[in-house]
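The following pair of complexes shares a single chain, chain A, combined with chain B in the former and chain C in the latter.
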Partner chain A sequence: MQNDSIYVLLADDDEDDRLFFKVAFESIKIKTLVKTVNDGVELMNYLVDNQNKLPHILFLDLNMPFKSGMECLQEIKKIDYLKDVAIAIYSTSASEQEIEDAFVNGANVYIKKPHDFTTLKKFLEEVITINWHYLTSGLNRDCFLLSL
Partner chain B sequence: MNKYTFFLKSIFIISLFILLFISSISYKHASSLETSADLLAHSYKIQIQLHQLQSYVKDAETGQRGYIITRDSAFLSPYFNSRSKINKSFASLNNLTINQPELQKNIEQLRKLIDLRFILLLNSLEIMTGSKTDQSLDENMLKGTELMNDIQLKIDQLVYLEKTIFNEHQKKYDHDITFTPLITLISLTFTLIMFILSFIKINKDLIKLMNSNEELLISTESIKHAEIIGEFCISIWNINTNKLIYSDNLYRLLGCEPNSFKPSVKNYLKFVHPDDRHIVANGVDKLLKKHDTYTRLYRVIRQDGQVRFFRSIGKFIENHGQSTHIGVIQDITPEHINNSTLQEKNRELELSNQELSSFNQIASHDLQEPLRKIQTFISLIKESELSGMSKSDIEYFDRIQNSVTRMRKLIDDLLLFSRTNKTDKIFEESDLNVLLKNTLLELSEEIEEKGAHIESAQLPVLKVIPFQIQQLFKNLINNSLKYSKISGEQMIKIGCEKIAAKDYPILNMESEKKYYKITVADSGQGFEQQYAEQIFTIFKRLHTSDEYPGTGIGLSICKRIVENHSGFIFAEGKSGIGATFSIFFPAE
Partner chain C sequence: MKFIIQIDINIVGKKLLQEHLDQMQLNYILRGTGEVEINEPFSDDKLNELTLGLKKYGIVIIEDEKSILIQKIKDAIIEMVYMDENSPITSGMPTFLSDKLKYSYGYLSNLFSSFTYTSIENFTQLQKIERSKYLIINTALNISEIAWKLNYSSIAHFSNQFKKVTGLTPSTFQRIIKKRRQVQIKEPDIETNS
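And then the complex of A and B:
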């Protein structure tokens, strides 16, 4: 593993979305290391295993079998050494209620899965180049939902 | 009524006393008359006795005088008889004047005078016979005459005295008797008036009683008919006497002849469905403890075996110290069956609503997902393979892209349409001006692009579902913007006025009910009036997708929103001139 690359972890049950995600990062010029897990249970198992490196940014799909993204989010925020991981919600739906819940539970940013590849790339680029300190320090509800 | 009875009783008691009073007065009057007559008779008797006394003395004197003249001893018999007669007279006089001491005193004096006279008479006889010689006959006779005068005087005095006493008595009685008839007459008149008044009053009340009796009869008859028509019956249970009365219709509702069994809870329970008997039996126990209105539902098996649903409502009523339980029992079988059907329908409806809601879920997420992927894949291919594709390939991809975009829009609109209902939606007091302002802000880009000019009148504050009204404005203004003329300025005028329903035949209402009529009028292309109703039908479009993109759902959503608010929406169009949409919202 290269130390200077950004380590990105995606938890999403949809194979196509995982593919889009990987392809998008490959075509971005920034150096990244992308790992994907298939559901919430697998994600939690990965995170609690001390041998695994913690990601810089965790992308979390909300609608997953076995353990939903929201449940994972709540669990992560209860675990001391995990709670500082930057979390981006990456979901198809973006109802007011879901955005509100994610914000309250401590997610850093909310991305609604876009309808075209170009937008996806722009979103991901934005997220990994974001000033995380700014996002994590102040709870800024207004720019929580990412839009371009 | 009690007051009235008291009044009548008083009249009768007073009258009775007056009658008694009159009787006693009359009795007193009669006895006074009798006393007066007795007194008169008594007075005459005394006078007669006195006159007789005088005549007896005169007889004796006359007889002796005859003897002296004729010397015939036959003349002497009255003289001898008179003595005993005089004694008799005095005895009766004494009897008559037993309570009159003054008279008796005078009578005693008279007796002495008479005794003296007789002594003189005896002397005369003795002188005649010669046994007495010291006195002359003439002298004796003279003395006798004087004495006779004295006697006469005494008798006159006595008669006068008696008359005076009698007159005094008579005067007193006369006084009494004069006033008695007057008092009697007054009392009688008074009593008569009282009786007449009572009679009038009683007669009046009797008429009243007869009328109310008749009313009661009519009302009883009406209740009987009402019971039959309304399929209900009444039970009256007097707790104090434990007497139970069932109305005739109770028997009929049970399929029996009226009065075919003795009214009792036990007999009634025989008709109640065995599974429901506890409801009625427990109810009876409970209602003895509580004095509330209660309702019970149970089944009965009629005489003919038919099962019917009964509802009984009962209450205790305290009246004149009597505790009565009034029960109204109703055959609600048709209602019950209707209710069950309705409940079943409701359940089905709820189920169908749930299905619809899960369909919405599917449409919003699961249908959108593949579309999103198709779009992403296309854009991925276009980005990476663009250089290697033929011109026609690129065009095909564009067409696929357009179709997918349209599909997504359709799903979105359809979803919006299906969500436009009023279940769980909250109505709040909202200023429609604010909602319109928000809409215009939302559409500012499109308005600017079309160069449209928008004018708005003052809108009311109404109790609405705010986001739906905003959606309504958005769809209508969007519609106007979309169908604006290719050249020239597009005007959109939003007007508002308060109107009465009856002034607008289109509303088909005769009532005075007030409505707010909000109009959205544009100077766009308009449409043929014959399509005015069709445009609100879902998927109905007057143009092809190529001319004007759209799903044909927007105006259907408008109609649904207006209907959610108990309003009406109508469209008026003139091809090439413009379209006007009129919305009517209830003012209250």
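And then the complex of A and C:
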């Protein structure tokens, strides 16, 4: 497992955010492979196409056109073979209610988008490290909740 | 109808392993959590058969020395976390690990950090919090009983550690898992085959 990279999929409609994510992932210790899609519809099309490899973890922006992150989350949790994909929600807003709703609907991680790049890197590194432990140390994924 | 089940992963893993080894009619001994000793000539073909048979359950045979030691460190930490009141976590974790594995703590600690992206201390904390989550969800113990059981000096200390690792308080965590189960029971899953 140590030598395999973690496959990360990111759905975000904002081009700058997508770029920041990619650059941030390049600088963290765990090897990752990052793919991005531009909105919720593209994401769902990607996930239901069984030609495509499933990600180890999916980062989901809440505010996207056509299909919101929350709608995607609810759809994903109803599809059996997608259930084990860890889901990290990230959003500019983070009221306690929003965070709780996301978790109740099956999200594993909730990240409030930080304003600076250094914090973003730190957050992503933490999420990927913890997720890696859930993948390699036999921890119960149903209990994987992390709010940053 | 829907119901909630409780699974002891350690028992499931052990039973699966035993069934497979029995099926292959091998003469074996299970040692501790993750060690199997085969007392007969064991061909590569048989090893491949076993590897393939176990793979679908997420059971992997580890062969290289360092990975084996990392796994042993993890197993020892988990054993320690599950010892409850007598656990050496607070007093003498370094001594416990080096006595058990016959290496200096410094060596174990460096090896662990360079292979797992985390330190022994952080991994121990993560495992403790995982255990507390299990207790929160599956037992009737309250937060202060759990804090005591896991050797935290106070409820505040436990809550702080929990919050540090998960970003949530123990009671928020408990509420979320309860609600999640209600949602799952209310909305039956759409049958989709992969």
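The rule is short, and it goes like this: the second predicted complex is superposed on the first by the 127 of 148 C-alpha atoms of A that agree within 3 Å, B and C clash if a C-alpha of one lies under 4 Å from a C-alpha of the other, contacts with A are read in each partner's own complex, and residues count from 1 in each chain.
Rule of thumb we're sticking to: a contact is a pair of C-beta atoms (placed from the backbone, for glycine too) under 8 Å apart; a residue touches a chain by one contact, two chains touch by 3 or more.
Values in this document were obtained by computation on a predicted structure and should not be read as measured data.
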Original post:
Given the touch rule stated above, what does A:Thr92 touch, chain B (first), chain C (second), both, or neither?
Top reply: first
Original post:
chain B or chain C: which reaches more residues on chain A?
Top reply: C
Original post:
After superposition on the shared chain, which partner residues are touched by A:Asp16: those of chain B (first), chain C (second), both, or neither?
Top reply: first
Original post:
Between chain B (first) and chain C (second), which, if any, makes contact with A:Thr129: first, second, both or neither?
Top reply: second
**OP:** For A:Asp80, decide between first (touching chain B), second (touching chain C), both and neither.
**Re:** second
**OP:** Figure out whether A:Lys113 sits in contact with chain B (first) or chain C (second), or with both, or with neither.
**Re:** first
Original post:
In the complex of these two chains, what residues of chain B are touching chain A?
Top reply: 364-365, 368-369, 371-373, 375-376, 378-380, 383, 408
Original post:
For chain A, which residues count as touching chain B in their complex?
Top reply: 14, 16, 20, 23, 63, 92-93, 113-118, 120
Original post:
Which chain A residues qualify as touching chain C in the complex?
Top reply: 2, 29-30, 50, 78-81, 100, 103-106, 110, 129-130, 132-133, 136-140, 143, 145-148
Original post:
Within the complex, which stretch of chain C touches chain A?
Top reply: 9, 58, 67, 74, 115-118, 123, 126, 130, 133-134, 137, 165-168, 172-173, 175-177, 179-180, 183, 187, 189-194
